[in-house]
């Protein structure tokens, strides 16, 4: 995937990331997934959660994104509990999970338009460019149900090009992507981090060396 | 017995018959008894099951630990 | 005074405290429950005179009315417990609410079935669409809705919250439902079928009724205690005090 | 454009692409109306007597059936997750969804009901009452229904469960709606019934969205 | 154990784990019955006249609603794909699915209907007719319904579409079923109607599974 | 994942694989996915379809599995058109697609039991062993909805250990698997091939060198 233009929008965000977890513990069905976890995530970090299936990566990610309140401990954004400053936090982080929130009857363009509706500064032109960059040029007006698995994922990932948030939380973003797509995404994550952004992902995929990459291993005790 | 004089019915058969309404009255009281009984028995059985299950689990855990 | 209330509230929020104290209280509830129910039943069945209009079938009143009253107040209690859970996140309240639902539903069922059976000799039919009967039927539906919703949820947390939200919505609606059904009923049905007026009830009929009402409420308390105790054991099964408790029972 | 208006717009576009979404409730309404003369008695005098009640029952069932899909699709494809993640007001979202639902079910139904009432031989005097009672009543059906739909959104075989949860709450609306039409038919006053519906509408407009928002949050901890 | 019996067993186990699957249609049946006196007229004489029709309409609607889930879950989770891939007889599969559906919807409904008919003040003479007409009629409802369910299985908002497809087919059963009960109530002969239902049952038992199998195969080429 | 026992069941199958595609062409939405493709797949082959997202890999796979008839050309099994000998073909190949056909309310064991119901020679013991081998020992009685993404995939993949078919057709089988899982699956595929089986997969994952591995590239012309 050629990177056809400078990613100016990466520098649009002004806030920086300061997310921390304090003594976070979580158990499901009598099994402790993680216990008294401390974590501090800052500007320029690229953190990959790794661990075997069922280790609790998704659970931790959702909990850090503020989408799961069923745990002990506290998650803070700039020193405040995320539930107390949720609106503020929500505008500074992007969460893309297993489910892509893509409506199958709508076209990629219409889907993107919905995704960015909270950011009035995003222009229509940006959407077209983003789609072009994820090599979906020519598919702008095809209903998403006619796209292949990987193409649908690209629509979801196009958000990474347009929403100006410093923190990205991504659950298995490489799923269904082809080789070129994987390479592009890796490069894009690296650029985001080097521009002062922060990335938190789970992936079973071995990331190439990116400066700032840190791995956190879950579920080794099992 | 002294209460006898307050009894409404003259005989036990009368009592059962309830003046033609025996069926309805006894049906009501019977169903009520059943429902109350079920409501009492259910939590007792549930409790027994729960305790059995938990003690068995704990015993197994202990065995595994040692 | 305020401090004492607050302390009581906090203690009620503690499952362990509840479990231990309810074990002590239970006998003090069970004995009067059995007593009141026995006395009330025998008195009502054998000692009160028959109604001059309805004959002996009126003896059904000693179940019907207590069950009907209880079914209605149980719903309110369930909804209030749900609200306590939603607002203060007190888990005990959720467990109490979950315990009340099936009990309330079964008393509601009792009121309906005894009413129906009573209707046959008095009105000549098992069922009429009278205001009180209809709103009782709707109350049963509300109970079923709450129970079905709680069952259908995968996670216990969601089940408790969903049940609480629904029972609160239902609680807001109950007066509206009752009002509308009564208004509808007076519209369609002139008062041909009427319950016996409470005010005209003779003392000798009223006293056993009051005893039975007390007995039913006590029974309700006992049943709620029993179920909530099970809930406590289940939800706290991984806590040390439950483990020790189980251990001590196993050792015995 | 805020996320709420974007969602309303998106849902309306989806409804426009799937005409089934708003045509089907209408067809169902029509069919239930057609079942009665067939199953009970096609005598016009008899029909004219039961018309008011049957039209209202049919409208209620049609709304009920269309409710199942209200949040389900959003839960399954991750749209709701993105809503929760966005930190925007769930109250506004709930109202927006109900508004769209009413636009594609209650409104067309209200517009078409007078035509169908012809088939049931509704007395001439009752048409305006039918129209206005539906105009006031169907939004209440949507509002209360949304509570049930939100509660059962994450549940398998939610459709019937939804009916179970919602039907008792619908009874007052049914009673007052049907009775307004019936009274109009026998040339009696029906302002009281409409007044009841109007005040119930106000009540549910202020309370139901809270319940919906709370119920939707249940999906947080999945 | 063949795949057909394994499927029947599996579906029954699932129904046993989700009591809602068979309890909800019953509750819905009960509630629809309750709507009529409330919306139309609670006068016992009037009710006794419309009882036969209303009970049948309610049974029909309850079955209709439970149909939506018949194949949908299987399509969505890939079970149907595996069925098609397995090369086993789709005819047998269709019959098996219908059998399970009837066991958890039609059968309980038939058993409970006489009790509920009490509430509608059905004439005493009509009870056996009610029971037998439902016993013969509900399997037909399941069989025909399965055709509609299979056709709409892959479709969004299929629930209402299903009703549209199926309701016209249900009309003859409704007419004969309701008329059997009504005639029994006024002490007239009703063997003819039952005979019709019985022969229609035989017919649909031999033909409907073919249609179901064909409709399911449409899902092949997705 | 330790391989705790010799995979004796791999040698249970007696037939060998002989699948061929003749002049197969397929287009979707006016775009030609592949044209006049000839392909011959035999005993001991391990074929990986590669290509960018949307190239048509899934489409080709389903077509070869006999699940898609919307194409030109012919697919033959032992020289016969697969649609003519579908039952025979179906018993000799295993297809696992994106959808896993796993019922969420059932346990892994119950799910497996259904999968193997066509093969009476499979013993209950085999199921337990298979679950153990995919490291799901201890989860036999947990409803699948409580398993993580990778664990659910493992349930589906456990079929590879028990169904005695020579040809496996797998669409993105590595999705959601952790590193150990990927290594195990690669090893298992290699063993199947060396035991005389045949494997046809799509994957964006770079397979380690396995004897017999052949890559077919789709969609390069784009």
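Which chain is which? They are A, B, C, D, E and F, in the order written, and residues in each are numbered from 1.
In this section, a residue touches a chain if its C-beta (ideal position, glycine included) is under 8 Å from a C-beta of that chain, and two chains touch if they have at least 3 such contacts.
Because the structure is a prediction, the values reported are computed rather than measured.
S.K.: By the touch criterion stated at the start, how many steps lie between subunit A and subunit F on the shortest route?
M.R.: Minimum step count, subunit A to subunit F: 1.
S.K.: Counting contact pairs per chain pair, which pair wins?
M.R.: D-E
S.K.: Indicate the whole-number Å distance between the mean C-alpha point of subunit A and the mean C-alpha point of subunit B.
M.R.: 59
S.K.: Between subunit A and subunit E, what is the gap in Å from one C-alpha centre to the other?
M.R.: So the centroids are 47 Å from each other.
S.K.: Could you tell me the distance, in whole angstrom, between the mean C-alpha positions of subunit E and subunit F?
M.R.: Once rounded, the distance between the two centres reads 38 Å.
S.K.: If you average the Cα atoms of subunit D and of subunit E to get two centres, how far apart are those centres in Å?
M.R.: Measuring from centre to centre gives 25 Å for this pair.
S.K.: Check each residue of subunit F and list the ones that touch at least two other chains.
M.R.: In subunit F, the residues touching two or more other chains are 98, 104-105.
S.K.: In subunit B, what residues contact two or more other chains?
M.R.: In subunit B, nothing touches at least two other chains.
S.K.: Of all the residues in subunit E, which ones touch at least 2 other chains?
M.R.: 18, 20, 24, 27, 31, 38, 41, 73, 156
S.K.: Any idea which subunit C residues touch subunit D in the complex?
M.R.: Those in contact with subunit D are residues 86, 138, 141-142, 144-145, 148-149, 152-155, 157-158, 161-162, 165-166, 168-170, 172-173, 176-177, 179-181, 183-184, 187.
S.K.: Quick one: in the complex, what on subunit C touches subunit E?
M.R.: Interface residues on the subunit C side: 125-129, 134, 137-138, 141, 144, 148, 151-152, 181, 184-185, 188-189.
S.K.: Residue numbers of subunit A touching subunit D in their complex, please.
M.R.: These residues of subunit A touch subunit D: 65-70, 86-91, 95, 97-106, 110, 113-115, 117-118, 120.
S.K.: How about subunit D: which of its residues touch subunit A in the complex?
M.R.: Residue positions touching the partner: 1-3, 5-7, 10, 13-14, 17-18, 76-79, 81-82, 84-88, 220-221.
S.K.: Could you pull out which subunit E residues touch subunit C in their complex?
M.R.: 18-20, 23-24, 27, 30-31, 34, 37-38, 41-44, 47, 118-119, 121
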